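Look for chain A in each of the two complexes below; its partner is chain B in the first and chain C in the second.
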Partner chain A sequence: MTKKPFRPDVDAPVYKGPYVPYDIIKEGAIAVLVVFILTAALALVFSSPDEKAVTIKTWSNADAVDFAQTAGDELAGTSAVANYGAPYNNNGTSQHWGFLSPEKWIGVRIQINTTNDFVIDPLSAQPAQPALSAALSQWKSASSATQTAWDDAFNKAEPNLTYSNGKVNIPTKAAGPIPVLLNYETQMARSGALDQALVTQAGFYTTNFTKPLLFVSDGTYFAGLAEKQHLSGSQWGMMNETGQYPGQAWLWLYTFWYQIHPYSTSASADFLVWGTMMILTALMVLVPFIPGLRSIPRKIKIYRIIWREHYAAKL
Partner chain B sequence: MSTDIERQWTSRIRHSVVDKLPPDKLLPDTQPAYVASWIYVFGVTTMAALGVIILTGIILALDGPQWWHSSTLGHFVNSMHLWSVEIFFFAMVVHLWGKFSMAAWRGGRSLTWVTGAVTFMASILAGFTGYVSQTNFDSQWIATQAKDGINSTGGGAFFNVLNLGQMLMLHIVLLPIAAVALTGIHVVMVRMKGVVPPFEDATTEVSA
Partner chain C sequence: MAQGWGLGALINLDHYGHYIHWGVIQVSVGNFIVMVLMVASFLAALFAPFPGRRNRKGAK
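Up next, the complex of A and B:
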């Protein structure tokens, strides 16, 4: 019989000491009871957050200018979503690290064309009104060069856009049908009809909110609300919840990377953070097999405290 | 005749199960004396919290995803669901560091560690899909923020955090099944091997 050498971080010594009575079912029952009572107490005292969801209706009524500007950016193709890239469209530069860019390799699978999906299609589904129909057909029949010229004129005038007496005013004469389209779009938004139009495009039943969520996320109103609730990315973002709730505290390491260089300043921050986390996760899962890493507990000796009675008894 | 019975698939499976996990190992009435630390409580606490999560989740499921916004009782059950999740993760993280400090993968227990770590991952996904299924401001914000991270990996094309139907199904069906199944495997593995013995300074004997 060949004797293998004893590897202290892989093999366990044979225990020859005493055994003591231990009622694991009773322990489990007590644990369930204690956790149940603790949970109920925490729920009673601290409750849970439930801020109402933002709708396009509440947004456009609270800040019509921000809404109209955002809708204009969607129409002109200058919004963040319009230039996102995969998986929504081909307009952005994909995140990458060197030649690694899975986002680009997988490509567009949730097609979003902000001009049509967020503005032109919902307006086209409205009951025909002469001014709207005329503006829509002017837009649809224009060459893309003409559309771009209108977009450029809108972009220049956009910072001075105002809203008064139920009307969006865009100080330019060169934006073609855009002012009329944005007026109808804003009316539609303020009545709540746009919320419906964005979710029902897939048919009667709907469980998919990709379009309205992307639209809302392009405005500054939504981010402003989040900022007030200390939820923005530089405030440890989505790990938190509204109010003073602990949120997903276990994501601290993931959100941590976004706070520091080089992640915080990289255009591919998301990809780098995910890559880092995947490597760290693999290391955690595989600790028992990684020499060096698996010796840490023996060296830091916290086990001495955990098993102090055992070691004391042996002396 | 008796040899025929012994060679049945049924008897063979029973023998191998009973050999690996006899009833007094599955539900032992004693433990080695070194199992005398508060740290051992956290595995059981994690399981207990998982039980409360599932119970409150089932109540939330009965009346559909909108109920808790309008009912006081519903809101309370939702609060319990949230707080049991917080306790669950707290206990699991203490458990994880405890097991790390004891190098509890020693003596053929590495798969116990691996299944534990995979359960941790599944739980994070389950928690995340829950956060984006709340149908309120938090879920809107978390989903629109998280999409960038997931999209950057290419995963967003298949795992669309803005698609409530997909997230809710994952959260209330697929991921709970995964978490419970993984926990079951994890705990059975612990019972099969028994609790890992302490480090000893002078040992050369390798346990089975």
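Up next, the complex of A and C:
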């Protein structure tokens, strides 16, 4: 039988050096104890982030104009969520990389019709009030062409929308029932009833916050808070934490791609970044099988620094 | 934060953070400190002598 040649990155040589006793249980116990003491001490000194949750109630009370404008966009179907595409609806272009488009393949799994889900249905569930009931009837019985004409009138007046004395003021007379609907929607939001309505629509267990989260994400208020805390995508936000706390530093490579072209300008940035990271992760997992890449540890010889005593003895 | 227990952080970090900008790179001071500590730990692991080395001399 012929002896196979020794392959330095694949075969392990027979160890002929000295042996020493080593208590790995003792080392593990010490490591756990040190980490426990460090964790307790750091928690005592710094505590943890304590940012209050942003709800539709807090948003509409902090910035009623932004809320009413966003609610108008949801009603008109012109918001970002209304035009996102899968998994919420069929209105947008799915993120893709060439012919790869998992969003499109999986399809609409969380059906969101912003007009009905965010405005009409919650208002319809309110106790009967003549003005609201009349506005809802007017909206529901109108043709889609008429609704579009009202939406267009609202969109033109939207930049000049104001809020004063508990009322949303929309400077147009051509928006049909929209001003009445948005006034009731804003009242509902400021009381906290809209948060509840959007959550309870999800079923018996009130743990599904998809709808209120999507609604909040369509406004500029929430994005403004994120910008202040350096949490948005263009600010390496994925690796940041609120306040002065350190965040997820290990996500630096994931968020790095969002800062450079073509990722930073692509409408499919999320999918492109995910795809890039999957390729890099596959390369890392497969290092032992990739010639050249697997030789790097052997060639840069950092192991010889760690085990310098052993290699010094061999000289 | 456990305010209900009458305890709070000795050092309150719930203020807007400070950030280091260098071209396209932005990193919070908190993250930067953690990164420096990680690099320092790595260098210590490389160059610090193993504990109990003296006791092992000549061991077989």
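Brief remarks on what is shown
The criterion applied here is as follows: the second predicted complex is superposed on the first by the 313 of 315 C-alpha atoms of A that agree within 3 Å, B and C clash if a C-alpha of one lies under 4 Å from a C-alpha of the other, contacts with A are read in each partner's own complex, and residues count from 1 in each chain.
Simple rule for what comes next: a contact is a pair of C-beta atoms (placed from the backbone, for glycine too) under 8 Å apart; a residue touches a chain by one contact, two chains touch by 3 or more.
No experiment lies behind these values; they were computed from the predicted model shown.
Of the two partner chains, chain B and chain C are each touched by A:Pro18. Judged by the touch definition given at the top, the superposed model places A:Ile260 against chain C, while chain B stays out of reach.
In the superposition on chain A, A:Lys4 makes contact with chain B only, while chain C stays out of contact range. Once the two complexes are laid over each other on the shared chain, residue contacts for A:Gln244 go to chain C alone; chain B is not touched. By the touch criterion defined above, A:Phe289 lies against chain B but remains apart from chain C after alignment on the C-alpha atoms of chain A.
Touch criterion met: A:Asp50 reaches chain B and chain C at once. Once chain A of one complex is fitted onto chain A of the other, the partner contacts of A:Lys228 are limited to chain C, with no touch recorded for chain B. In the superposition on chain A, A:Ile306 contacts both chain B and chain C.
If you count the residues of chain A touched by chain B and by chain C, you find the higher number for B. Taken together, the two structures place residues 18-21, 44, 46-51, 229, 241-242, 245-247, 249, 302, 306, 309 of chain A in contact with chain B in one case and with chain C in the other.
Chain B contributes residues 27-37, 39, 41, 44-45, 47-49, 51-52, 56, 68-69, 75-76, 78-80, 82-84, 86-87, 89, 93, 98, 100-103, 105-110, 113-114, 117-118, 121, 124, 127-128, 131, 134-146, 148-158, 160, 162-166, 168, 196-200, 203-207 to its touches with chain A in the complex. On the chain C side of its complex with chain A, the touching residues are 1-2, 8-19, 24-31, 33-35, 38, 45-47, 50, 53, 56, 59-60. Interface residues of chain A facing chain C in the complex, by the touch rule stated above, are 18-21, 44-51, 228-230, 235-236, 239-247, 249, 259-260, 302, 305-306, 309. Within the complex formed with chain B, the residues of chain A that make contact are 3-6, 8-15, 17-25, 27-28, 31-32, 34-36, 38-40, 42-44, 46-54, 84, 86-87, 95, 102-103, 105-107, 109-110, 207-210, 213-214, 216-217, 222, 225-226, 229, 231, 233, 237-238, 241-242, 245-251, 254, 268, 270-271, 273-274, 281, 284-289, 294, 296-298, 300, 302-303, 306-307, 309-311, 313.
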